[in-house]
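Quick heads-up: structures coming right below.
Below are two complexes that have chain A in common, paired first with chain B and then with chain C.
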Partner chain A sequence: MTVTPTKPAETLNPAAGGKQAPSGRKRGNGKQLLAIWLFLVPAAVLGMYFKFIPMVEGIRLSLFKVQPFLGDVFVGFDNYVSVLTDARFMDALGHTVVLGLTQTLGALVVGFVLALLLEGQARSLWVLRTAIFLPVVTALAVVGEIWRILYFPTPDGPLNSILSSVGLGPLQFLNGTDTALWSIAVVGIWSGAPYNMVIILAGLTGVDRSLYESAGVDGATVWQRLRYITLPALRPSIVIVLTLAAIRSLRSFTEVYVLTGGGPAGSTEVWMTRMYSLGFQRNDIGVASAAAVLLLLVTLLLTVGTQLLARRKAQR
Partner chain B sequence: MDSKTMSRSRAAVALTIASAAVLTGCGAGSSAPAATDDGQPIEVWARAGTDAATTYAALFKDFTAKTGVQVNFQGVPDLDQQLQTRAASKKLPDIVINDSAALGNYTAQGYLQKLDKSTVEGNDKIAGSLWDEAKGLDGATYGVPFSRQTMVTMIRKDWREKLGLPVPKTQEDLEKLATAFATQDPDGNGQADTYGMTVPGSTERGYLGWWASSYIWQDGGAYLKDDGDGKYAASASTAEVQKGVTWIKQQFCTPGNTQPGALTAATSVASPFFQTGKTGIILTGPYNFASFDTALGKDAYEVIEAPKGSVDNTVLAEGENIYVTASNGKPEQTKKVINYLVSSDGQKAGMTAGKQPIVRVPVNADVDAATVYNDPRWSVVQDALKDSSKAFPSAINFVPIKQAAAEALNKIVSDCGADNVGSGLKDLDTAINDELTSQNAKS
Partner chain C sequence: MTSQTSTPTAVRKSRPSASARFDSALGWSPRFGTNMALRMMLCVLVFCIFALPFLAIISGAFDRNSSPTEISLLPKTFTLANFEAAQQQGLWRYLLNSLVVAGGGLLLQMTVSVFAAYSLSRRKFRGQALVMLLVLMTMMLPEEVIGIPLSLVLGDLPLLGISLRGTVLAVILPVGIWGFSIFIMSEFMKEIPAEIEEAARLDGVGEFRMLFTIILPLCKPALGVIGIFGFMMVWDQYLLPLIAANDPSDYTLTVALSVLRNDTTVGPGVLLAGAVMAMIPSLLVYLFLQRSMIRGITSGATKG
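Up next, the complex of A and B:
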């Protein structure tokens, strides 16, 4: 096997070549670029086939009354008007925002606390971290079923029996119109926090230890160390956590569908469950597609917004 | 980037798009496809779980042995979602066996071919009323009746006898029995862990609207009224419906009369309460006999026709039809499949060939359910079906109406402190009328 130099000759001998060097690099770059594109083709084709074409098709369908066997009828933005003027959709939007904010902030705080508590190299911590991470790798449908049992609304239900031992309850949890949404949020926090914990743990490893020592010498309190050293160092991790959580929370579906199916009295209906029931139970693919496109736009805005906000803060 | 590199990049992007377009068959039009014979076995889909699928498999094995026609059968639990996917690619299965109430939805989507009932062998063995249920809004026949059933009330006989209570004859008796099951420890374990009725009170797939319809009919009410000529109008806020819904709300708001979590329970969550001895009453279809017999024992529960409301004891009748899809290009094989499915042999095979009957009460007058099953409980089902049952209208798309009813009722019964029956049902009236208008079926 012969070893070929990976760098062009002119870089090995900058003195030689003179004016030819840039055009030679261009030719080399051109070939490299073509090679890169050719390597990308399989992934691009798959991405195109499974992601972008369905996405474009979704946008197209949102402008039609969809009925494949009778011929789709172009309705312009009527489907969007239907979504935006539907009171049920607006209620669902309110629930989605409440659920999203609660889950995002809850999972961030709990994840942060878990990360602080479980930071370190000890083997026991490693075991504990794995145990705490388990909800993330468990299917949400299974998580939902487990919590359905935990939330059983009678005095002998698992959670209610604990509550009654301290003189509280029994609570209705998923069965009460006032409590159902919060009960779902707790499940979301429970399953989302360990994921945040891992990202924050990774961020914590990057904190310069000597800063803590200096702060200790200067007599800084634990809170001051947290406020002026840990939190600023964690900003990139927190931005990632917030961006992912914002996207995830808007798409909340499985836990709501499994736990309550949108009930009782529509108190837990979110954007995705409304979209699902319109698309698959009511066969109104056009309106469901319009709702999906709106969700895509909001997600995009939220993601870009979070990034911009973070960048501006970082620049300050 | 120089122009050469740019053009290469563009070429690569174009290549990617072109290959993807070829792969996806982009550019297909939106008109209905021509029905052609692809030379493959006739494809039949039915909404069926594992147990029902064993019966279909045995039935079609018998059919192929008799006729030589090969069948590619698939039991699809989430049938409507899968049909949508196939409709998007404009190639539906050749035959679909599904609820009779799906007819309105399918015809609205253009999924079905019209049928001439005189071409079905033994069409006179099927009652005229059943053929009427297979008609679309335009008066044409779009399905062949295959199986029928109705709901019956099942009660824990051992519990009832232990408490010394009679078989309920009226809704009041039923309510008293439910309260007694919840409060008098019928299983004798010393704990307050038993409840009255099993109720699927979730809005999912319109379950609550489906369950409540029987009790509303028993008081003389109905979600909508048929004005003839394919036109309907909402009637959900009449005094009769209010009476029925008030009784239903009372059950939800009397502690223990319904199982815990009933407001968010689909049937898959609700039924196990009866099956595991937590509730003592269930209004459901006879397809549950097999699983209840296994879990509770045949003698532990009794099957009766529903107790009477203020008017009668009407219960919901349901059934399955055979539908021929718009993309079916195999008329000869289709005819053979239909003729077999409604023949005596086909109907009997559908009742006994597998683990779960797919023909519950036969549509063929030559076949008697109680005799074939050798089980008197099927006489109760047959009698209820004949004397006191009612089906949802099948010509219109009833799914959104059932969904709207479930959502309205769920709201009404979830707030026990509120006097919301009248206002909630008025809202339901509006929702139903809006839906009828959008379906062009409002009188």
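Up next, the complex of A and C:
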């Protein structure tokens, strides 16, 4: 989730590096080496069966027209063409991007505001932070059910009655084609912001307090303090938050599936829900696999891109 | 790993309170006044937005006539009837499924991670960089991305010809491998000084005992971290239990909620009871392992 993978070079063992073992034992003897590889067997077997075989199989299937009992027919890149020319997939792509951007930026801003508000040592703040973190810990499916009830679209539904008390009309929320996507985005922000809050709070503890003090002596306003001291110090945390959220939102499935299932009238269909309905409900496995491979490629590009960016920054 | 986050705190505590004005980015003042009142009001608002929905759901689960249009913070007529009705809907069975999957999956994941991390962090061997790369790749291959072929594999395990579908193993085994846990664990193990290990080796301690009696006891905080994140990851699974099931009776609790919702014969009270049941285990794990949680989040973030 929050991992910034290190360079493979860093994974070299510090125990063996540095001072070379005086006994001349550099790579360990044969028995030790055997033990090392044996320790890797469980991970290797599980990874093979449940990650890499499916990945290879998915790439293979994406090149075939998959027909149960009739045999698969090799069709080359036809499946990719059907994905890229399918209007519903393109709509889904648009929704994925809109939802991803809104959720990512919304959760970042809200998380930042929460962190600024709840920064401090007081025990009451700590209790409040614990309470606010609940949405992150709760399973997404449960969060979805909670919000389906809050979004109940009659005028006396929980959120609508709050809205009407401040003079706003009842909204359709998840049932309206205009409001459904935004309603999902709000749920995403609600459940994602506290996570960002913790990352940003951790970043805030690293800010040099004496800078605040000298800025105060120089008569800087609170806004200037945020702009010139806090934000630059938080840049690494923010970069992490943004990439993680971007990658996560590409494959967001559970909340959309639970909240709307892609409806109403396809107005909230995202890449994953479209893929799911193609692959599991309409059994169009070839095309769905092609969509999955495309998703994998984009994720890969995003991850590698961030890695390069992070590494360049680290060298500076 | 987390030293960055703890030192500034200690420094700040020892300072005189006169400089408290410069403690936070917004310069919150600890003294009573408009500043404090504003902060308290905002805190109350934030609490309402993030925590009140949970109270409303819990109250609805214990309310006799709960309906989405009548949600309150305290049940009007307290009852356990919703939970009894939930039992008739087989919710306990779903909860059992969930607990078996979470327990088994987490245990497997932690074991696999500890073994793999030990190899990757304490030893040097040929092909290590490649293994690490593959480990990191497992993080990029979540169930969503490989869902379709994964469901085929679960139905017919290559070479073995076994079908896992409809068994708890179909969920437990795939969640057993997670690059995040391996990565966090090996990062932590790297920081254990080599001298401890060398001393043990002089005493003729073998690899297995080295791991379990020397290294692992020093890794308790990291076990907490991968425990809580692993639990959340397993408990949050939705697509995997969905595609691994033969029929709805194999569902985990989180997936079963949607079955309940679409069943018009059960009221919203039962659905809420199910939601509360699905919330409680993650709540307990969170409350017990909170510190580890913060450590886990920040260890990834502050490294960038």
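Simple rule for what comes next: the second predicted complex is superposed on the first by the 250 of 316 C-alpha atoms of A that agree within 3 Å, B and C clash if a C-alpha of one lies under 4 Å from a C-alpha of the other, contacts with A are read in each partner's own complex, and residues count from 1 in each chain.
In this section, contacts are C-beta pairs under 8 Å (C-beta built on N, C-alpha and C of every residue); 3 or more make two chains touch, one makes a residue touch a chain.
On a predicted model such as this, the values are computed, not experimentally measured, just so you know.
Trainee: With the two structures laid over each other on chain A, which partner does A:Asp156 touch: chain B (first), chain C (second), both, or neither?
Mentor: both
Trainee: Pick one for A:Leu33: touches chain B only (first), chain C only (second), both, or neither.
Mentor: A:Leu33: touches chain B and chain C.
Trainee: Could you tell me if A:Tyr49 is touching chain B, chain C, both of them or neither one (first, second, both, neither)?
Mentor: Both chain B and chain C are touched by A:Tyr49.
Trainee: Which partner chains sit in contact with A:Pro68 here, chain B, chain C, both or neither? Use first/second/both/neither.
Mentor: first
Trainee: Regarding the shared-chain residue A:Phe280, is it in contact with chain B (first), chain C (second), both, or neither?
Mentor: Touch partners of A:Phe280: chain B and chain C.
Trainee: Between chain B (first) and chain C (second), which does A:Leu226 come into contact with in this model arrangement: first, second, both, or neither?
Mentor: After superposition on chain A, A:Leu226 lies in contact with chain C alone.
Trainee: Quick one: classify A:Pro194 as touching chain B (first), chain C (second), both or neither.
Mentor: The answer is second: A:Pro194 touches chain C but not chain B.
Trainee: Specify the partner with more touching residues on chain A, choosing between chain B and chain C.
Mentor: Greater contact footprint in residues on chain A: C.
Trainee: Between chain B (first) and chain C (second), which, if any, makes contact with A:Gly94: first, second, both or neither?
Mentor: In the superposed model, A:Gly94 contacts neither chain B nor chain C.
Trainee: Considering only the touch criterion stated at the top, classify A:Leu174 as touching first (chain B), second (chain C), both, or neither.
Mentor: In the superposed model, A:Leu174 contacts chain B only, not chain C.
Trainee: Residues of chain A that sit at the chain B interface in one complex and at the chain C interface in the other, please.
Mentor: 26, 33, 37, 40, 49, 52-53, 148, 152, 154, 156-157, 280, 285
Trainee: Report the residues of chain A in contact with chain C in the complex, numbered from low to high.
Mentor: 1-6, 8-9, 11-18, 21, 26-28, 32-33, 35-37, 39-40, 42-43, 46-47, 49-55, 57-58, 61, 114, 116-122, 125, 128, 130-135, 137-142, 145-150, 152, 154, 156-158, 190, 194-195, 198-199, 202-207, 209-210, 212-213, 216, 222, 225-226, 229-230, 236-237, 239-241, 251, 253-254, 257-258, 272, 275-276, 279-280, 285, 288-289, 292, 295-296, 299-300, 303, 310, 313
Trainee: Using the touch definition up top, name the residues of chain C that touch chain A in the complex.
Mentor: 4-5, 8-9, 12-13, 19, 21-28, 30, 39, 42-43, 46-47, 49-51, 53-54, 56-57, 60, 68-71, 111-113, 115-116, 118-126, 128-142, 144-153, 157-158, 173-174, 176-177, 179-180, 182-184, 186-187, 190, 194, 197-198, 206-208, 211, 229, 232, 235-236, 238-239, 243, 254-255, 257-258, 261, 268, 271-272, 275, 278-279, 282-283, 285-286, 290, 294, 296-304
Trainee: Would you mind writing out the residues of chain A in touch with chain B in their complex?
Mentor: Residue list for chain A touching chain B: 26, 29-30, 33-34, 37-38, 40-41, 44-45, 48-49, 52-53, 67-72, 148, 152-154, 156-157, 174-175, 177, 180, 259-267, 277, 280-283, 285.
Trainee: Can you name the residues of chain B that touch chain A in the complex?
Mentor: 2, 4-5, 8-9, 12-13, 15-17, 19-20, 23-24, 26, 30-32, 80-81, 84, 87-88, 90, 92, 105, 108-111, 191, 193, 201-206, 260-264, 266, 269, 326-327, 397, 399-400, 403, 407, 410-411, 414-415
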